[in-house]
Structure formats: C-alpha cells, structure tokens
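Everything below concerns the one structure shown next.
Think of it as A, B, C, D, E and F in the order they're written, each chain with its own count starting at 1.
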Amino acid sequence: MGRLTHFDEQGQARMVDVSEKQETERVAIAQGEIQTSAKTARLIAEGEIGKGDVLAVARLAGIMGAKRTADLIPLCHPLSLSSVSVDLTLDEQACMVRIEATCKLKGRTGVEMEALTAVNVAALTVYDMCKAVDRGMVIGNIRLVHKSGGKSGTYEVRE
Amino acid sequence: MGRLTHFDEQGQARMVDVSEKQETERVAIAQGEIQTSAKTARLIAEGEIGKGDVLAVARLAGIMGAKRTADLIPLCHPLSLSSVSVDLTLDEQACMVRIEATCKLKGRTGVEMEALTAVNVAALTVYDMCKAVDRGMVIGNIRLVHKSGGKSGTYEVRE
Amino acid sequence: MGRLTHFDEQGQARMVDVSEKQETERVAIAQGEIQTSAKTARLIAEGEIGKGDVLAVARLAGIMGAKRTADLIPLCHPLSLSSVSVDLTLDEQACMVRIEATCKLKGRTGVEMEALTAVNVAALTVYDMCKAVDRGMVIGNIRLVHKSGGKSGTYEVRE
Amino acid sequence: MGRLTHFDEQGQARMVDVSEKQETERVAIAQGEIQTSAKTARLIAEGEIGKGDVLAVARLAGIMGAKRTADLIPLCHPLSLSSVSVDLTLDEQACMVRIEATCKLKGRTGVEMEALTAVNVAALTVYDMCKAVDRGMVIGNIRLVHKSGGKSGTYEVRE
Amino acid sequence: MGRLTHFDEQGQARMVDVSEKQETERVAIAQGEIQTSAKTARLIAEGEIGKGDVLAVARLAGIMGAKRTADLIPLCHPLSLSSVSVDLTLDEQACMVRIEATCKLKGRTGVEMEALTAVNVAALTVYDMCKAVDRGMVIGNIRLVHKSGGKSGTYEVRE
Amino acid sequence: MGRLTHFDEQGQARMVDVSEKQETERVAIAQGEIQTSAKTARLIAEGEIGKGDVLAVARLAGIMGAKRTADLIPLCHPLSLSSVSVDLTLDEQACMVRIEATCKLKGRTGVEMEALTAVNVAALTVYDMCKAVDRGMVIGNIRLVHKSGGKSGTYEVRE
C-alpha cells in the first residue's frame, strides 16, 4: 500500500528530497468555482463591462498567490515559476464564477500546488469583494485537472 | 441596489476606510471539506493514530495561513488577530476531511476572510500531503457559517 | 541642531519607541509620477478604455505594497492601516502617469511611509508592465503632500 | 504597433511565459536620487563619518528589497538572484543622495525590476530615516541605465 | 501540574485566545551570544572602527527579524510592536559577540518571542557574514532576561 | 589575512556574486539544543506519546523557517531548496531538546544558513510553546556540523 511521502519512516513531516529528479517542463492546471446569489452575479457582470471589475482583481490576486505557495504550504518546495495565468469567467445564469489557473516551471518538482493555490486565492478574493452584499457564497469544486512533466507522466481529468 | 464597497465611484479598487468603525469583539467561523479516495482516507486515519499526522500539519498551516490573509487578499486590512483555531476531522466512512476555522479580533473590521483563508490553506495542505497517492481529491463547500460583532450583527448558517 | 531619531546616542539604528504617543487619526498623502514615451502613453490609454488596464494593475499593487511597508523599510513600525487608496491618472498629452496614494490609521505613528511606498510600488508596476515596449521610462517627483494627526500637526504642500 | 506582453489577447493580466527563453547571464543597473534640504544633507554627511549611518541602513534595505521584488510587483517572476549591490553616495553640495543598484542572475528573465526595486526601497529608507527633520525630500530620476543578457541585447543609457 | 496552553483539550495546536486580556505596556529583553575564532573577532573589531561593520548589519537584521516573528513562529500572535532595539557588542578578548534585544508593545500579549527572535536573527546574520572565514562559530546562551506587563507580573533574571 | 566577503573594498555590505560558481549538490547540517526545566521536559515527553506534540510543531516551523532564510538574513541569496528535514529529540534525563536540520540544494551557493535558520526557528518554537510554564529555557550550542559541495570542500565537525 502507498505511503505518504511527506513523512519519513518515523512519521515525521519533511520536505521531500527532489535533488535527484530531472529538470523537466512541468505544467499544472487547476479549476474551482464560487457560487453566488443572483444579485451578486449581476453586480459582478456589471463590473466586467463598466466600473469595478471583481474578476480582474481576483485574477491578479490568484497570480500573486501562486508565488506565495511555498510560504503557505509547509512542505512545498520554493519554486521559480516560469508562467502563471488565471482565468475567471462569470456564468451569470448559473450564478457562478469559474476559475482556472495554469502554472509552468522548468524544474524538479510539479506545480500542482501553485495552480491550486492560485485558484483558492482568486476565489477568496471574489468572496472578499462581494461579501458586503452576499455572505452566503460557497467556494467549491477545487481540483487538479491537468498535470504533465516529471516521472509520473500526464494526469488528465476528463469532464 | 447594493454596491460593491471595495470600489469607489469610479469603479477603482480600494481598501475600505474602517477608521470610523467601532472596536468590537469580532468572531468568524468558516467551514470546508476535502473529498478523498478511500485509500487516502485510510492513510490519513492511520496517521492520526500512529505516524505521519496529516491533519496536525494542515491545522498548523491553517493557523499560519490566517495570519497571512492581508498579504494574500488585495483589499483586506492587516489585522492583529487575537485568536485562531482550526479543527480538522476525518470522516473515514465518507472519505472526507471536514475543516472548521474560528478567528477572533478586537478591532474595527470582521475576520471572515481570515477564517476562510485558514480553511483554504488547511485544505490545500491536506491535498499537498496526500497528492502522491491521490490526485483526484476535491476541495469544496467552503463557506462562512458564523459571524458576530460589528454593525451588521450576527450571521449564522443553520444546517 | 536636529538629530536623526532613528539612531540612539551611539549612532545605532533602532525602531523609535512610540509607546507613549497618542492614538490619533493619522492621514498621509503622497504623490509621484512616471514619464513614458508617447507610444507607451497611447498603449496605456488604450488599455483604460479597452483591454489590458495597466493602471488598474498598478493601483492594486500600490495598495498591497502599502501593507508591506514594515517588511521593506527597516525601522518602520508594523501598522494596522485602516484605509488605503491609490489613484493613477494618465496625462496622455504629457506622456505621464500621475499617482496619488492616501493612507489612514488610528494609531501611534504616522503613515507617510505607507503612502510613499504605495506610490513607489504602483510606479514600479507601471514600469514592469510597459518595459517590453519602453525601457526609458523615468519614475520621479515622489514626495509627501499631506500629513495630519500626531503631535507635529498638519503638513501640507502647496502647489 | 507594440503590445503590452503582460496582457493576453483578452486584455487579461498574466505572468509572461518565459519557459522557452534561454538561461543566460542577466545584468541590470538602475539609478535614482533623493533631494534633501541642506540641513538633512549635513546630518547624513555627519553620519557617514561618525554616528548613525543613514546610507548604510538604506543600502541594506535596498539589497533586501531586491529580494522581495516578486512579492511586490504582481507579474514579476520569482528569481534566484546571484548578486545584488547597492551604492549610495551623498553629494552634500547638491543636497542629493544618488543611488545605484546592480543585480545579476543566471536565468530566463531580466532583472530590471529587481534593480529598480532596490533603488526605490533604498530611497524610501533614506526618506524614513530623515523625515523627522525634513518632510520635503523628493525621490526622483529613477530609471534603468543598463541591461544586458537575453534576446533583446544590451540597453545602455548614455549620460 | 501545568499544561501547555498552546494545545486544547484534545492536544491540538491553537493560537491562544488573548481577547480578554488587558491592553498593558509590555516589555521583554532577551540576550544571546556568538562565539568566534580570534581571527574572526579581530575582523569584526576592524569593521567597527573602519570598513565593513558586521554588527551594524546584524543589528538591522535583528530589528527586522522581530517584525517577522508571527510569520515564523506558528502560534505567535501578530503584533504591532511599538519599539525594537538590538545591541551587539564585541568582547574581542573573549572572542564573543553579545546580543541584547528589547521589544515593547501596548497590547494584549507579551513580546518575549519578538525579543528572542531578534536575538536569533542577529546572531544568524553575524554567522552569515563571517562564515567565509570561520565555520566553527557557535550561537548560544539565548534566553529571556526580563519581562514586564501582563497578568503574570515581572520576570527578571539575576546574573 | 582573510577578508569578510560580504563587504566590498569600501566596506559596504553587498550580496556576494555567485554567478560564476558551479551548480553542485550542496548539503548542510546544523545542530542546536534547548535546555528546559524538568517539568517542561516531562510535559514535552507526555505530548510525544499523547496529546499536544511540541516537537512536531517545532519541526514544521523549522522546515518553514528554512524557506524564509533569504527574507531574514540580509545578504543571503534566495535559493530553491530541494530538501529540508528537521529532527527534534527529547533527552528527558538531561532536560534537553536536541535539534538537527539538514538542507540540500543543487545550486551555486551553500545552504548553511538555511540549516542554521531551521534550527533557530525550531528552537524558538519550542520556547514559545513551553514559555507559559517555563521562562528560564536556554537555547544554545547552535552550530554547523557538516557542509559539502562547492569549491571549499567538505567541512565536518567531529564530536
């Protein structure tokens, strides 16, 4: 049976040694969403076409958040990301903001956590900016949808 | 109709002025969860009773994450939190880790974002520690469940 | 003759003791500007009305930068800012972006450095976003234009 | 006409993908200055030869600031700088502190922003240390004077 | 018998709730030292009177380190320190640098950890600056020597 | 006679240029200890086997601290550590917690400071968690015990 690699034989947390891993091109894509009220969705939609663009603020926060991953997640390696992009799209019908983050690195370890962190921080920022009118928003469905590079090969979620 | 207070009349993002607000005791509680495979749930359960406690690491990460909220969320005020606690409980049957974070402050602005950030960072840390055996985990249902203190009164989600 | 208060009698740097100061409402306003080429000014102008809003990104960076002041400036006190706003306006004729930042605090020490840091970080961000088309931009005229609160009274620059 | 590379086709901010760029030796030099009153210039001069060396504190702050560039500038890549030096020289006659920062990196992206950030943080630190005696100081003329390495070749400002 | 207050009844780490504590003037003083070779002590002594002042760099690092305490120590409260000073003195005879840090706060929790962190970071900085000539330096005797303010009264180490 | 490489010919602090150094596998091991009262040692021991594991919290803090080294130590290079592990062992008889940290990097500069910082932060965290019952703890004997990789060869402390 598998073992959690972030612990040694004594069960002590550690940062996994990646010094023997190959430097390859690593890509990870994560997704998530935030469910809002109809009113909030309408306010966000208005901001997109006029004043007060919630999604633009959240996009930046997500990008900056990706760079803070190793500060936040105890056993993550500090990485020199070569690319981060974060897309937020409002589905006003469904009262939902969909978030997708893509991170790239030429390095020895994957960037899943960076992509997931970008999605989380972007979602939190949407929440922060809309919370004065809507406390009932729910952040969810945050998951890895693609990962490539490294020994373990490509991981792809089919929808 | 409501307006998003994080933008001024020109639609420009700003940190809301709270200098006229009262210093009151503020409390916020947020919850969330992470869905795992059966195998991952079992590994987490074993760690709790033996070696390699995933939930203890995630708890600490959540507490430390709450302290980084203003670094991550662009328009959040820097706050001197007076208390943070994060609880993670494994429901092995349901293959789910449930997370609840409580933040307190004697101050001029609420601590919802701190509680939500704690939950997000704790969930990301669970993901990080288990991802070598389970890439399909899904983080979700992250929401505010309680807020008290401040002008807007108490907010409570009934389950 | 005056003495630099950030040094003690031995000339050793220190963080000045403000524990005896009054908690008052403190406000500081700083300004600065960045000179660009005509082409860059036009690209910024296009972004404002269409795609790629340089000034919106710089505004956010300035706000977040104000919160990092005590991390950057060795002898600055960590502060719980109650408000930060940053305005950037393009004077396309003059090929100039003008920046103004306003910070507020109810506390024991002034917020000049926070306002100045916001202006600096906003200016650097404009530079970063335009540097691929214009390396000759010049950041300048960064100064305090207003300060109120605290024992030393109000300081106002008349233009 | 040029395009701002920090935005994609939809005008959304992103961290530019540098994973295909060559790892080369990158150097950037930035300069700036801070204008003071005669009295402040004299106090700084006294510190250099005696107690309370403003320029030494600002130099360190500039070096440390260069390391925080990716935390401050939203779309900057995190970099593993191989060298940072910051020089501050007082021109007491002209009541001016001149600042020059040099950054180096063996990597896939330039270090202009690191050099410019070092200059800005050093200038802010001079301001902070002298502001009790001189609120009218002005930071200015911050610009890139040299850049080498990378596809775009060497950039040099002739004075 | 005593209990470690940083754990709840289930043994889970938490940030202790200080919201009911009084806001009082808190002071803490910590000390420590670093033992060097005779050669290193001589080099440090030369720097003090001439070029390359190791102790001045370490002093600044200690002050800035105090401000990062809550980022480093998982269960420390974020605090708005009102004063930090760090003194380093070389005892060239004894080949020893002695460090003392004093922190103050008007707040609900003590500042022992801030003073101790300042000493640690200052000592590490001395090590960093001298390690090219002396890898055998030893940091030691780091302890709290004074604490006042708060319910538990004054603590004083007599030497 | 040796010279402190962190200063240039004018005695000005700088971050040493490592761009010409070889990328090699670098390893550093540091040790330290914290002396406690008998009561504190007993409480720590109980936590290990039951509730409230001080050493596990300190281990995580040490790992995260290693990643913050370049933020704390002014002239340290930012590094992409490939591995960090921190071991804490309680010697209840001797009333002592012994700490050992190992850091690895494939890079151009050594990781001594990262290992030493991990030990320091772990020790501070033990202090923080036990200080409510024991203010007299002393942190000491922090030193480098092994270093390999790089031009200067292997350094090993024999005990």
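By definition in this document, a contact is a pair of C-beta atoms (placed from the backbone, for glycine too) under 8 Å apart; a residue touches a chain by one contact, two chains touch by 3 or more.
The structure presented is a predicted model; accordingly, all values stated were derived computationally and were not measured.
Touching chain C and chain D together: A, E. By number of C-beta pairs in contact, B-E leads over the other of B-E and D-E. Chain A and chain F touch with mostly distinct residues; of the residue numbers seen at this interface, under half occur in both copies. With centres computed as the average of Cα coordinates, no chain lies farther from chain E than A.
When the CA atoms of chain E are superposed on those of chain F, the rotation angle is 180 degrees to the nearest 5.
The most distant chain from chain B, with centres taken as the mean of CA atoms, is D. Between the CA-based centres of chain B and chain F the separation comes to 30 Å, rounded to the whole angstrom.
Counting only residues that touch two or more partner chains, chain E has 12-13, 53, 56-57, 60, 64, 68, 71, 74-75, 78-80. Of all possible chain pairs, those that touch are A-B, A-C, A-D, A-F, B-C, B-E, B-F, C-D, C-E, D-E, D-F, E-F.
Interface of chain A with chain B (complex): residues 1-7, 9-13, 32, 39, 43, 47, 50-54, 57, 60-61, 64-65, 68, 71-76, 112-113, 116-117, 120-121, 123-125, 127-133, 135-144, 147, 155, 157.
Those residues of chain E lying in contact with chain D across their complex are 53, 56-57, 60, 64. Only residues 8, 12-19, 70-71, 74-75, 77-80, 107-108 of chain C touch chain E when the two sit together in their complex.
Interface residues of chain F, counted against chain A in their complex, comprise 25, 56, 59-60, 63-64, 67-68, 78-87, 104-106.
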